[in-house]
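Chain nomenclature is as follows: A, B, C and D, assigned in order of appearance, with residue numbering initiated at 1 for each chain independently.
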Amino acid sequence: MTRDPYSARVRELFGAPDHAGDLEKPAARVQIIEQGVRVALAADIDGDIIVGLRFRAWGCPHLLAGAEAFCREFEGRPVSALQAFGAEEIMQTLPVPREKLGRILLLEDAVRSLGQRVRGSPDAGKDTN
Amino acid sequence: MTKEATIVYLDYAATTPVDPRVVDVMTPLFRQDGDFGNPSSGHIVGRRAMEHVERATGQLAELLGCKESELVWTSGATESDNLAILGAARYRADRGRHLITMPTEHKAVSDVFQVLEKQGFEVSWLYPDHTGVLDPAELEAAIRADTQLVSIMHVNNETGVIQDIEALGSICRERDVLFHVDAAQSVGKLPLNLASMPVDLLSTTAHKVYGPKGVGALFVADRPGCHVEPLTFGGGQQNGRRPGTLAVPLIAGFGEAARIARSEMQENRAHLQSMRDRLWRGIRDMDGMLRNGSEDHSFPGILNVSIDDVEGESLLLALEPLCVATGSACNSKSQAPSSVLRALGRSDLLAQSAIRFSFGRPTATAEVDFAVARYREAVGRLRDIAPEPAP
Amino acid sequence: MTKEATIVYLDYAATTPVDPRVVDVMTPLFRQDGDFGNPSSGHIVGRRAMEHVERATGQLAELLGCKESELVWTSGATESDNLAILGAARYRADRGRHLITMPTEHKAVSDVFQVLEKQGFEVSWLYPDHTGVLDPAELEAAIRADTQLVSIMHVNNETGVIQDIEALGSICRERDVLFHVDAAQSVGKLPLNLASMPVDLLSTTAHKVYGPKGVGALFVADRPGCHVEPLTFGGGQQNGRRPGTLAVPLIAGFGEAARIARSEMQENRAHLQSMRDRLWRGIRDMDGMLRNGSEDHSFPGILNVSIDDVEGESLLLALEPLCVATGSACNSKSQAPSSVLRALGRSDLLAQSAIRFSFGRPTATAEVDFAVARYREAVGRLRDIAPEPAP
Amino acid sequence: MTRDPYSARVRELFGAPDHAGDLEKPAARVQIIEQGVRVALAADIDGDIIVGLRFRAWGCPHLLAGAEAFCREFEGRPVSALQAFGAEEIMQTLPVPREKLGRILLLEDAVRSLGQRVRGSPDAGKDTN
């Protein structure tokens, strides 16, 4: 019943964004901007494994926490796992209030786009703006 | 160190703690061995309760410089604003249906005018200049033959900007238009002398001035044509202007808060000013820093700043355990950019990054220094995390 | 012996002292080191304040047997009554403009209907029988196709007469008419379970049940068609149904009072009953003694009696320092004979001699015995002074 | 500013109505009834001097106090003084709220009537009801 809009998990992720920052020479990098909100992701790859993830973000606490959560979870997993990333899971596990779905979908876009980049897919459309 | 010890509260414009002297006045009035009676009762217990109401009415009248009979007790400034605006508009509706206010008013005023617009009244919304101040000439130009009521607040709750009540009220009086002032943020903090000011209706509330929540007052000038239709009907209390059992402890508490505010106003103002100036000195040099609202016409208890390229909601969270406000105290739940700052010409983004610091009697230098450090650090951290902006 | 020591207060229907446990809940919420925040603030101090509101909402919902979302906090029963009646009548005005109530209602209800009558609504005023009870068949007969709202109180504040809410409400529900109940005198004293009762709107107030003055609530059933237009507009609190900064200490106090009332209801009722019966036994044999209102359908905390050939105002003064009421608690200033007693068929003279004794948790046997002695003595003395009546 | 409707003097007179009651063989007696309110006065005379006064009354506290005040004041004074008795003085000295003037005028009527009776005036009209 508490009115705190931030769960303990969101507070923890927001308060310790260990994966905020850059990689020296990322295998792939994407940046998405929509309605002022900005997300950038970068990945290091070793073979088929994601060995490093970093994010940068400008937006509400849920977006920043979501990006940090993504980085923590996907380091050490295979590149193919990126395709499975879904906004819905973030919405539920942080959790994120429904009215912020749009911002988490932006993160989803960025992750998908990163996945395509990592595999050198030529149709990574949204990566340059 | 307990959790509490680290909280720094700089949100006195949202609400204040109750002064311990006020608590001491109120507490006995709850108890069976105190004057807990219903002031409507004719017997001794009721009469004693009424004496507390009368004392408090005297104390508030002295603070405002008005007659006791010109005060109506309410549940707070929201009710006072509604009673003033709905009450006066309805009372004078057959003389005319044109009303004037500003988009920078508190929602307890602006929402009421929006309702009246739907009920067939015509409302002119006057915009301030980019510092938040209304030019009296704008008001002069807006008044028409059918204008009945003008409502303009004294101190803005978001920016602290002070309007020139004296000048605005004089224009209204010349044209026989009622003038309502929402003074929720100024009563007890800036001097007011209603006996000599051209004000017809004035709203106030106790919880912004170290009194209890749940009690306010409306000043209704004892002048011909100045009358409000009641919002509620019942047991005839307060001559029917606002019925319901008088909340004696709250009223007595507001009275005591008024007495204290009056006797300590000057030193309190000096304290607020020094706290605000200290905070402003600590952050004014930051990149992209903007102060919202006039520096010259401002209440010293409020400092509102925006900053370039920082997201407001994240900033607020990063500032914890510093307790400050974005937007209005009363609708800080909403994510919409402040309409007050929009009216000052701020972009959505800048309005959204706005932080209102507000200071109180208990504010200490160390708290201000903490706020400075925390603000600088939070802004720095969020900027560090952000990607380059789009080219 | 101090002056205070001799006062005997038997006017608990007018107002009650605040239970010490309630004071203990409220006091810390005023103070700077307590949860004094504005529940509209998003920060930690605001959120902590909101938790007290939520706890209290739960406590009151439990007492009433309703959902938390069905409660709106107000400033007292007068406001609740007005919000219910004006709000529902206006909301449903385009479906029909016929309303039903009784002349024995509290003025916070009957005055509102009189105002609505002037605004183009048609009101049927149903009379009770000579014991004060309304025959449900009368209500059934009065409902028309365009009837939108029926308002009938639970416990009458002057006589203690209890109406059959269950039966009256069922009739309303069958005919799709909203049913409002002023339960200011019964909440916390008689069991209520709104989840299973045919009631749409119910008004209550804290200060009649050992809570603070200045806070009440309105129950608005979560049913299609059951909605009230707000009386006031502003900061969006309570989903706009009743805006204004929530008076946290008062609300928390009402919550605690509700909790206590619920857990001690049975023993309190037994106590009231024994006090009332003792008083009645002590005076029932007096010459010309008449009990006002049904003995069978009555709340045990109130005893209302008239007596032949004694003038009411002198009787009240002669009873001092016994504090009791004539007429309604809320208009005891007025000399007009009680409209409630007139509706029961009492003559002006008898109505004017009426004394309402009302009992509370703190009432002691010795106080009742004092009241008996004082009443007998006062009546005797005034009769001794009176000249022979005209032949 | 207190809301006590009764002054200390009214309370004292009402609380100690020493002159309430009857005289054994009064020289004169009047009773007036109007709208339920009743006042009776009785006087003992010795020559031109009023030596005893008693009242009976049914009405509000101000009426009872006014009657007691009258009796206290006029015992020992000459009969002619009765003609000077006026409601206005009682209204101001007790004092009595304006809206109760009617009841004090009733007392005035009774006193005037008593005065006429004492002097055996044949036109004492209001004495029998």
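As a working rule, a contact is a pair of C-beta atoms (placed from the backbone, for glycine too) under 8 Å apart; a residue touches a chain by one contact, two chains touch by 3 or more.
Since we're looking at a predicted model, the values are computed, not measured.
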| item | value |
| --- | --- |
| Where chain A and chain B overlap in contact partners, by chain label | C |
| Of A-C and C-D, whichever chain pair has more C-beta contact pairs | C-D |
| Centre-to-centre distance between chain D and chain B (centres being mean Cα positions), rounded to whole Å | 59 |
| Computed distance of Cα centres, chain D from chain C, in Å | 43 |
| CA centroid of chain A to CA centroid of chain D, Å | 97 |
| Per-residue overlap in chain D, given as positions that touch at least 2 other chains | none |
| Per-residue multi-chain contacts in chain B, two or more chains | 42 |
| Graph class of chain-chain contacts, one of line, ring, star, complete, other | other |
| All pairs of touching chains, each written as two labels joined by a dash | A-B, A-C, B-C, B-D, C-D |
| Residue numbers on chain D that touch chain C, as the complex places them | 6, 11, 14, 17, 20-21, 31, 33, 36, 38-40, 56-61, 64, 129 |
| Chain D contact footprint on chain B (complex, rising order) | 42, 47, 50-51, 54 |
| Residue numbers on chain A that touch chain C, as the complex places them | 1-5 |
| Chain C residues within the chain D interface of the complex | 309, 311, 313-314, 317-318, 349, 382, 384-387, 389-390 |
| Residues on chain C engaged by chain B in the complex (per definition of touch) | 4, 7, 9, 11, 14-18, 20, 22-23, 26-27, 30-34, 36-38, 40-46, 75-79, 81-82, 86, 106-108, 111-112, 114-115, 205, 207, 212-215, 231-237, 243-250, 316, 320-321, 323-326, 328-334, 362 |
